[in-house]
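Here the chain labels run A, B, C, D and E in written order, and each chain numbers its own residues starting at 1.
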Amino acid sequence: MDLGTIGGMIGGFVLIIASMFMSGASLGLYVDPASAVMVIGGSYCALMIANPVQRVLNIMKVGKIALYLKSYEKEKLISTLVSFSEQARREGLLALEDGLDELEDKFLEKGLRLVVDGTDPSLIKSVLYNELNQIEQRHSAASKVFEDWGKFAPVFGMIGTLQGLIAMMANLGDQASVGKGMALALITTFYGAIVANIFCIPIKSKLDDRHGDEMMVKEIMVEGVLSIQSGDNPRMVEEKLLAFLSPAEREMVKSESSTGE
Amino acid sequence: MDLGTIGGMIGGFVLIIASMFMSGASLGLYVDPASAVMVIGGSYCALMIANPVQRVLNIMKVGKIALYLKSYEKEKLISTLVSFSEQARREGLLALEDGLDELEDKFLEKGLRLVVDGTDPSLIKSVLYNELNQIEQRHSAASKVFEDWGKFAPVFGMIGTLQGLIAMMANLGDQASVGKGMALALITTFYGAIVANIFCIPIKSKLDDRHGDEMMVKEIMVEGVLSIQSGDNPRMVEEKLLAFLSPAEREMVKSESSTGE
Amino acid sequence: MDLGTIGGMIGGFVLIIASMFMSGASLGLYVDPASAVMVIGGSYCALMIANPVQRVLNIMKVGKIALYLKSYEKEKLISTLVSFSEQARREGLLALEDGLDELEDKFLEKGLRLVVDGTDPSLIKSVLYNELNQIEQRHSAASKVFEDWGKFAPVFGMIGTLQGLIAMMANLGDQASVGKGMALALITTFYGAIVANIFCIPIKSKLDDRHGDEMMVKEIMVEGVLSIQSGDNPRMVEEKLLAFLSPAEREMVKSESSTGE
Amino acid sequence: MDLGTIGGMIGGFVLIIASMFMSGASLGLYVDPASAVMVIGGSYCALMIANPVQRVLNIMKVGKIALYLKSYEKEKLISTLVSFSEQARREGLLALEDGLDELEDKFLEKGLRLVVDGTDPSLIKSVLYNELNQIEQRHSAASKVFEDWGKFAPVFGMIGTLQGLIAMMANLGDQASVGKGMALALITTFYGAIVANIFCIPIKSKLDDRHGDEMMVKEIMVEGVLSIQSGDNPRMVEEKLLAFLSPAEREMVKSESSTGE
Amino acid sequence: MDLGTIGGMIGGFVLIIASMFMSGASLGLYVDPASAVMVIGGSYCALMIANPVQRVLNIMKVGKIALYLKSYEKEKLISTLVSFSEQARREGLLALEDGLDELEDKFLEKGLRLVVDGTDPSLIKSVLYNELNQIEQRHSAASKVFEDWGKFAPVFGMIGTLQGLIAMMANLGDQASVGKGMALALITTFYGAIVANIFCIPIKSKLDDRHGDEMMVKEIMVEGVLSIQSGDNPRMVEEKLLAFLSPAEREMVKSESSTGE
């Protein structure tokens, strides 16, 4: 569970509501279901024009990714790759086949299977990078839906406000109704800003961050697979892959591996 | 028919009109043909200065692309390419010639014909990528027209509003007319925001998406054609091309091909 | 004559003036020479600080490019290059020299002359691409002047409006003068928006488009010159160059060349 | 101590407060803890949704980097590398091992140790650049937190202002309270602009600058290590590395080294 | 002396002041030293946080570059390089040494000295391009200070306006003081817009332009030095370097060189 995402959302709403209380205004002033429908519905419609339907309908499934922490255990991955590399040196590339079924990650399994099959290195590289490219495109398509939403929500808030202002202006009669009309008109802009800045924009940012983590793990895999195939010295393989970690993570792996040996 | 595009547009308009009703204002308040002419006409004029006339006149033809779903059947394309690859291995590259006429896609046909003619691989690559580049430029020119429109429409809305405000300010006499003048002035901004955000910007986005799909299909073709020419193992060709698909699509192809064999 | 540029400008102004009439306000309300001097003069001054003087003084000469259509006759160029290629194959590269003087385009003439002189291909490539780079830089410098203008004009409009507002605010006395002061203040913003969006921004866009067309023609020339030098098969040369055309243009060339042969 | 960062912040606040005094308004007018909580708290919540929690919690530790000057002594580094290069030429690469323990920088030590171990140059390059990439990613992730904050702070200021305006509009009754409500509403926007422009945005900019300095030092190291390995002439190594310095810094090294020899 | 920069600045100020006169308001209305301190001082503080102190303190020295025209005499440079190339062909590379001391440009001298010393071409290339990179970074760091200023100045104008509005709103009592408070509040925004758009942004743009000119001259030098080393035909060297000039400049060199021979 990503406490940052959940805590941030709850915290944001609590702050806004607390701030309403403190301003002394009645809370009911800020509740207008019609405005909410206008902002959320309208921006969702624009989203459906801008993106393939399937992708927009899946948006909640994608958004959930931002709610769960996925720990990648890069350290464990590296030691797995190093031990594969040692085995390959001792017993030959074919000996790796037995261990493949135990791998959870399909991408790594595929890469190593290509190695075991004796595929040409440049071909392995092209197959794996091609797949990375496709993952990148799928991820950026998903994150673009949130980015689009973060743009359309304030715009539909503004459209709603304009609409309210026009209605209000046409009846400038008594001053009391002017204030209420104006207050109502501003609510859509208010909703639009909240939807965009507590929901769409930060979630898009976290999805991109998650994507970065996943890509780094995949790159460690590609680098490791190619190193294993080219028969690099296992110590060299480790050196190469440790460069992907931060100094702190690196220390952990080193102390661990020195204990293990 | 792309239900997202059509549904999104209809939904957006319905929401805006429903919201007008609910605000209790008469619908007539929001109808001002002169303002519509100003916003749409003015931005269309700017569009004609900014882009070649022919391209602007074709804008509706291009826009229609966003209304129709084009399914690319990547899975079928890959199995076609794999079977070409098998045939080439068994019977030689010349044997491919007979099957070329049945191909619907001219780009693929051209690529394979160059292979059958024994053209140099680097030349094939340059011819095909050159053509991809040209397609990319034509598409981005078309999508730029919508992008420009999405920028000019709100600007002409603002110009109209300024014009209305100036007229209104000069006659600040009675308050009632002030309100009406103001309401009228705001209508152009309102129209500009709607034109841009329910029409131009989302359609531009969907056109780009369609372009991405088409380019991916074309890249599968290029990759396939070059693999066939270099005499790659058909299983390897399939592996290479399947990397373009998402895991879900890949499963479909695999189960299918295992049934077919 | 580029009817789009001229028609768009005239259309834009007609629409704005018609819209003034329709709003019932007197046209005189929108005419304020001092404001025009402020917006156009002020932004022109900023332009002179931001860009070399010579380039700013030449701006009208550059702008005129947007008024004239230049048809590049890519189809004719390609058949010229193909016939050079045929001649080179039959009679050798030296035989091309006689036809060079008839070429109108200096860039193409230079490229072919380098070929006739037996210059090294990598050197030809570097000379021609170097020249393309320089053309690109000159063009983008010219188009940047319009881009800058499109940014400074609205800003000076806003500066003028602020200035007017400050003067008006200091004399909030009688309401009638407030309205007039406000109307006058807004006129600079109004002018700035019109100058930028009917003149600077769309012209910049069309200049870039023209640049794209010219670059494509030059790239066809480079590709053709290098193909001729390397002694490619004329049919292959044609195939390569046709990839630069859109499918419609390609059909025209093909039908023509098949008649001609 | 980076006097620019500290002086700039203090100076900025002093100016703003002095300006409050001079405007004759009571200072208390600008103090509203609830608004501060709304702007800072709200934007911090959005930050936690947008970025990994750990990174947001560390933000102050990262921000402190902007407070301290780190002098990189590029001149000393270059002379160290040149003397290593001389030693390697005289006594062979293995002779470098003794001096490695005295190096403070772990990155340089690692690079030279790989050289001493006789690692393949391309492998050294890949290991070192890989590590540079990872440093780059960690730094840009840290600076992105400040960038995000610089965007969210004004937005939450605006959300607070909208909220205040809505409350105020609903009670347009007596004019006095209108003014106070409006003043209060504007305070969140005021706070948001200050937090973003005296704190977040400039600090992000200085962090990026520091990153640039560090990267340049690391690039000098990589270049030096590879030059030492390839056995370049020490005078050539110096020439190569001096190119990284500005003319002024270069003069210093040259005069120094000529004294030293 | 760059008349564009100076004329543009003077012209801009004259226009603004003339426009103040014409609006009939007293000039004193626009003079408020405290506001000027707030806008200029505040943005300068933010600048000191955002950039290294030394660079901000040097800003005026850098800004002066925009005031002086530096003519690069590219034509003369090219004929110098061509005559070096002729000499090298006739008398060998070592013969160039005598002419080096007469060269004013240190960069060119360094490049040719490396050639005379018989340095490896790839090494020369790396040394020279490395130095170009460093020049580029120093220049862009300097121009970024103006860019930052151009962003901070309007922001501090806005902060000042918000501050003034808050003070004014809290005393909505008599209408006359409202107007004056409002006028005063707007002055900081007015100053910010002027500082940014007559000073910072256009100067940044001109600095970038100057940088482009200098880089082109340096690139001609690199290209020339490498051509001389590889022993290219002097006519070819000229052809290569002339590609950097515009057609007009090229004509001048050609007519000159044909007279000179």
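We adopt the following convention: a residue touches a chain if its C-beta (ideal position, glycine included) is under 8 Å from a C-beta of that chain, and two chains touch if they have at least 3 such contacts.
Model, not experiment: these values are computed from the prediction.
Peer 1: Touching chain D and chain E alike: which chains?
Peer 2: none
Peer 1: Under the touch criterion given at the top, what is the topological distance in steps from chain A to chain E?
Peer 2: Tracing touching chains, the least step count from chain A to chain E comes to 2.
Peer 1: Tell me whether chain A and chain B, two copies of the same sequence, contact each other through the same residue numbers or different ones, using over half shared as the line for same.
Peer 2: Different: when the shared numbers are divided by all numbers used, the fraction is under half.
Peer 1: Just give me the whole-number Å value for how far the CA centre of chain A lies from that of chain C.
Peer 2: A distance of 41 Å separates the two centres.
Peer 1: Round to the nearest whole Å and give the separation of the Cα centres of chain C and chain E.
Peer 2: 25
Peer 1: Using the definition of touching given at the top, classify the network of chains in this structure as line, ring, star, complete or other.
Peer 2: Contact map by chain: ring.
Peer 1: If you start at chain A and step next to chain D, which chains follow, in turn, all the way round the ring?
Peer 2: A, D, E, C, B
Peer 1: If you look only at chain E, which of its residues touch chain D in the complex?
Peer 2: It comes out as residues 34, 37-38, 41-42, 44-53, 56, 106, 114, 119, 123, 126-128, 130-131, 134, 137-138, 141, 148, 152, 155-156, 158-160, 162-167, 169-173, 184.
Peer 1: Would you tell me which residues of chain E are touching chain C in their complex?
Peer 2: 2-5, 7-9, 11-12, 15-16, 19-20, 22-25, 29-30, 66, 175-176, 178-180, 182-183, 186-187, 189-190, 193-194, 197-198, 201-203, 205-206, 209, 212, 216, 223, 232, 236, 239-240, 243-247
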